[in-house]
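There's a structure below that I have some questions on.
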Amino acid sequence: MSDRKIFSVVGIFDSAQHLMNAIPDIRKRVNAPLEAYTPYPVEGLDKLLGHRKSPVGGMVLVMGIIGALSALGFELWTSGRDYPQVTAGKPLFSWEAFVPIMFEVTVLFAAFTAGLGMLLLLNRLPMFRHPMLRSSSLPLVTRDRFALAVEARGAEIDVEKITRLLQEFGAKSVEVVEEPAPAGVASPKFFLRTLTAIGIVCILAGFITYWTMKLFPIVKPMVHMLDQPRLNPQSPSRYFSDGSGMRMPVSGTVARGSVPYTIRNQELAGDLVNPLYRTETVLRQGRQAYMNNCSVCHGVLGDGKTSLTKAYGAKPANLVSQSIAGLPDGKLYHVIVAGKNAMASYSAELGEDERWATVHYLRVLQRAANARDEDIPK
Amino acid sequence: MKSGSTLTTAESTLQLLKPPSVVTGHLTIGGLDDQVLTPVGTKPPLAWFVAFSVTLSATLIGIALIAYTIATGIGVWGNNVPVAWAFDIINFVFWVGIGHAGTLISAILLLFRARWRNAISRFSEAMTIFAVICATLFPLIHVGRPWLAFWLAPYPNQRAIWPNFRSPLLWDVFAVNTYFLVSLLFWYIGLIPDLASLRDRTTNRVKKAVYTVLALGWRGASLHWHHYERAYLIIAGLATGLVLSVHSVVSFDFAVSLVPGWHMTIFPPYFVTGAIFAGFAMVVMAMVVVRKTMRLENLITDYHLEVMNKVILTCSCLMGYAYLLEGFTAWYSMNPYIHHTFMQYITGSYWWAGWLTITCNVLIPQLLWLRPIRRSYSGMILVAVAVTVGMWFERFVIIVSSLHQDFLPSSWQIYKPTFVDYGILLGSFGLFFTLVLLFARVLPVIATSEMKMVLPGSQPAHKGGRHE
Amino acid sequence: MNKQPGVRGMGADRKLIVLAGAGLVGIVVSWIVSGGERFWANWILWFLFLLTIGLGSLFIVALEHVVGARWSIPLRRVPERLSSLVLIVAPIALLALLSLDSLYSWTSPEALANPIIAGKRPWLNVPFFIARVIACLLLWGLAWWILVRGSIKQDKTRDARFNLRARRFAPLFMIIFGITITIVAFDWISSMEPEWYSDIFGVYIFAGTFLAGLAATTLALLYLQSRGRLKDITRDHMYNLGGFLFAFTVFWSYIGFAQYMLMWYANIPEEVFWYQERIEGAWGPILLGLAVFHFLVPFFLLIPRDAKRDPRFLFWTAAIMLFSHWLDLYWMIFPVLDLGPLFGLPEISFSILFVSAALLWIRFSMTRGADMPAGDPLLSEGLEFRL
């Protein structure tokens, strides 16, 4: 016998029945942990050896619920918050459409918890240095024999007594298995730690990439659609003789829906009458047009004070001043169409109705700037 | 029945009622290992090489044509504008479906404690994995630029966009990948004890090293089996849900749309049944060949084949029910579009495909009501081939017949596949059988540890006491 | 209640008769107060509730014969006895035909102005409807006669040939069952909204039916056990029964979700209105309740391994499932009245009458034959079943 410590004494039995018959008797006579090795799961053996209920079920349930919640949360967050887009007329938080993936991720989490949890956590595999793997009994076990091991687990055991007992209760042969050299790199702990580390790195990498790309937009996003062989607006082209990529409309043509505006002078425009009634819809339309086109220079309140004024030293008109408030609708309309001083024409941006609606909205702003006590609702 | 005394009649009746043993002849636990594990990794017979060269050639044809497609663009396929989905999606649905029988056998029948499944579970699980590999090929090449397929994954990106989680096509990506991973896990976990057996049997050093690593140091400790069995059962339960969900999700690709003939509420269970149906036909075909060539008649018995044929018959009746309801709803809905599409199935440009589907899937399998047919090779091969053809054409009908006449009559077109379409289909069959042939030589085709569990006399006799 | 096992408690019967009488009075009063439509809606609801329990039980019996299951033989007599409900519902079904005028709008001549309903005339017409109802009843009666009568007779004859006959007939019954349950779904429920169609509807009703059969079987089995009968049925049998309950809860939810999600996603007016009516207003919480009590609660209750083996636990889970099956039918039928969710005197009196009458019938049927199929040659194998 070598100087190595004894790990266990293993008896080989011919059948599951023999093994199961021997266990209670041996347990009565030996005060050492027992473990059985079988070629296939034997019914009732786990109860006989006193194994506790396997915790796999609970692990799977917990991880399944985590999988379900994280999948649903991720779908709601990406489709409803981080990249909110209406597709197929569905609401942003359309849980119905998120159920299939939620289910799949649940199954994925649960199944891998069951599989890897069983192998890595509960059974402590891969384990290439277990004493049994070196024994001559294991090839018998993985074929058709049943082994009962009385384990030392560090303590001293009476090898001869146990050998006798095993033989007495039906073991056909008995082997003494020794402790191997200490486990090196390929220990179960090593695998478990490596896997955990990889998992944590993956999750961290995801978060870091997400925030880096959000905060430092340095990479040109998706260039396939930009880098197409095509003519961009305002760009030159050698195809046409004038060297311009854009074409002028054929002379004498009028855009659909446009009404020719022939008044050349602001004074003459004073006679024009606003064709729109002051309804709420019109005022809303006017506000929309004003906010989109005018507010950049004239300010949200129409007082001509915006950041642009400071930045460029420009002096847009104060639209709520007495002088402009006194102008008739037509003259305001003319300015929108024809422009004035530094202001260009907005006839291309605003349709006929929108211009008149904007004029109505200007009146609202002017009234608001000079509000009286009785305007305050009680 | 009238001859013989009442006693013998009663006994023979009883014999008829009990299912036969899972193995025929006498087989010891060790003998099982010798029978199943000995051929693993040995030099295959000549017939194997002949078969392998045929399937490999088919695979190479497929690979060449896929390369041609990717280099040129999917314009080389027959797809046109109303029929934008054609062979690619038909083949995808077909192959995913083939996989389902494997999961049904390995998972659902395990839950139902149908012991006969233990002999065929390994092989059919392997078929599941290979079928899913064939299936994933098609969406991948049909996106046109497969090197950008990673866009389907939700990863943080510079475009600051996420994939559309409301799209059934994305559900598909998740479903099929989950299915593949879980099937692989299930298969591998089942293999571990067998790999351990192989490790301890082999004398070849290289093989021993490979098996040692793959077996993860499995040593058959009862505590390990204790956790193993529980985990195996749980994964089986989860895989059962997967079987329902994967083909349902595939059916959602069609059913959430407004295309008449696609938008049917019955699609999810109908697709699942069809998948199991086609898969079982494939398993029966493979099993007949395997048990003959590998001399496994004692493990894969006539009883096994008969039970599988009964499952095929059941599925066939369910398919008939689904077709019946599809037709009934086409009329009952009083929706002219659905009605038109259904009439297209059976009287339109592709009427032959419609009738081929009905004949192969519903009429021919009815032969299996007869016991002699269920037990004869020629009978079951006839049915299995018919079902495989029928199920492929069912997807053809659903996709091509429904699409080729869409809402705008001016864009109606007839779909004609090109040689590339046929070649890639051939290639997918080649790939599948190549993988099957390789598997049959390098891994045990029968799950020996599962089989050992149910051999007569392998379990201790019941004490008869009541469990508390 | 410490009586000899197997002896019926006459006192309980008398109480049930009194209760049934009270329910009957309530029904008469409510007919006068709230009119015929509501009366018939209740009538159809309870008819379908009892029918689905009976049919589901019959399906369990047939399923056992088809797959040759042996673990369920010892408890087969329970669904066999419950399946006699398909006989007692025959008069209820025939009386329910009187509801055609008030609940089924396709019977009215004005409905024919609607081209969709007019087009369905070859299927939706009164004579054919009645013919289908009678044909279904006859087929169920026949199946009951072959599968259940034969089994009860076997107690005495001990003739194993019954098993062979049942095994040969059961696949045929499966086909009959598939077609008839679809007819029930389309005729009695779906045609209340004659414009609506959903081809999965038969499968949906089948899922509910099987679940109702299973839940009722579980309840009856555990009740009998608590009375000292069927002592040989172990927790392992219960575990299997619990497993089936779990599996078909999931199946029902799967079918229900598939139908809902596909209609929600496509959002086509001609089919989505059915859900619209059943989601709006106070029906929304009821649909939510259905999701909770028909799926979530039983699903999570039945996940633990021990839950399926604990009789008390299983009893209450099955009770919840049976109730939610009732709620499912209620949710499908009552929106037709267009009055919102109702639960008043008519509903209460109907519940009292039908529950007590059904219990009376079940108690009576529990006296037929032995508690277990004693003549089945495979009974001992079933009793030996262990996980």
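As written, the chain order gives the labels A, B and C, with residue 1 at the start of each chain.
Keep in mind that, in the parts below, a residue touches a chain if its C-beta (ideal position, glycine included) is under 8 Å from a C-beta of that chain, and two chains touch if they have at least 3 such contacts.
Here the structure is a predicted model, which is why all the values come from computation and not from measurement.
Here the two chains linked by the largest count of contacting C-beta pairs are A-B.
If each chain is reduced to the average of its C-alpha atoms, the one that sits nearest the average of all protein C-alpha atoms is B. Each chain gets a centre from the mean of its Cα atoms; for chain A and chain B, those two points are 33 Å apart.
Annotation: 44 Å between the Cα-based centres of chain A and chain C.
Put simply, the C-alpha centre of chain B and that of chain C have 34 angstrom between them.
In chain C, the positions touching at least two other chains are 261, 265, 386.
The residues of chain A that reach two or more other chains are 43, 57, 88, 90, 97, listed in rising order. Shared interface positions of chain B, i.e. residues touching 2 or more other chains, are given as 241, 248, 252. On the side of chain B, the complex with chain A involves touching residues 28-30, 33, 154-168, 170-171, 174-175, 178, 181-182, 185-186, 189, 192-193, 196-197, 199-201, 212-213, 216-231, 234-235, 238-239, 241-242, 245, 248-249, 252, 449-450, 452-453, 457-461. Here chain A touches chain C in the complex through residues 43, 57, 61, 88-90, 96-97, 99, going by the rule given at the top.
Within the complex formed with chain B, the chain A residues making contact are 15-17, 20, 35-46, 49, 51, 54, 56-57, 60, 74-75, 78-79, 82-83, 85, 87-88, 90, 94, 97-98, 100-101, 103-105, 107-108, 110-112, 114-115, 117-119, 122-123, 125-130, 132-133, 138-139, 141-144, 206, 209-210, 213-214, 217, 219-222. Looking at the complex, you find that chain C touches chain A at residues 257, 260-261, 264-265, 267, 303-305, 386.
Residues 68, 115-116, 119-120, 123, 159-161, 163-164, 167, 174-175, 178, 182, 186, 197-203, 234-236, 243, 247, 250-251, 254-255, 258-259, 261-263, 265-266, 268, 270, 377-378, 381, 384, 386-387 of chain C are the ones touching chain B in the complex.
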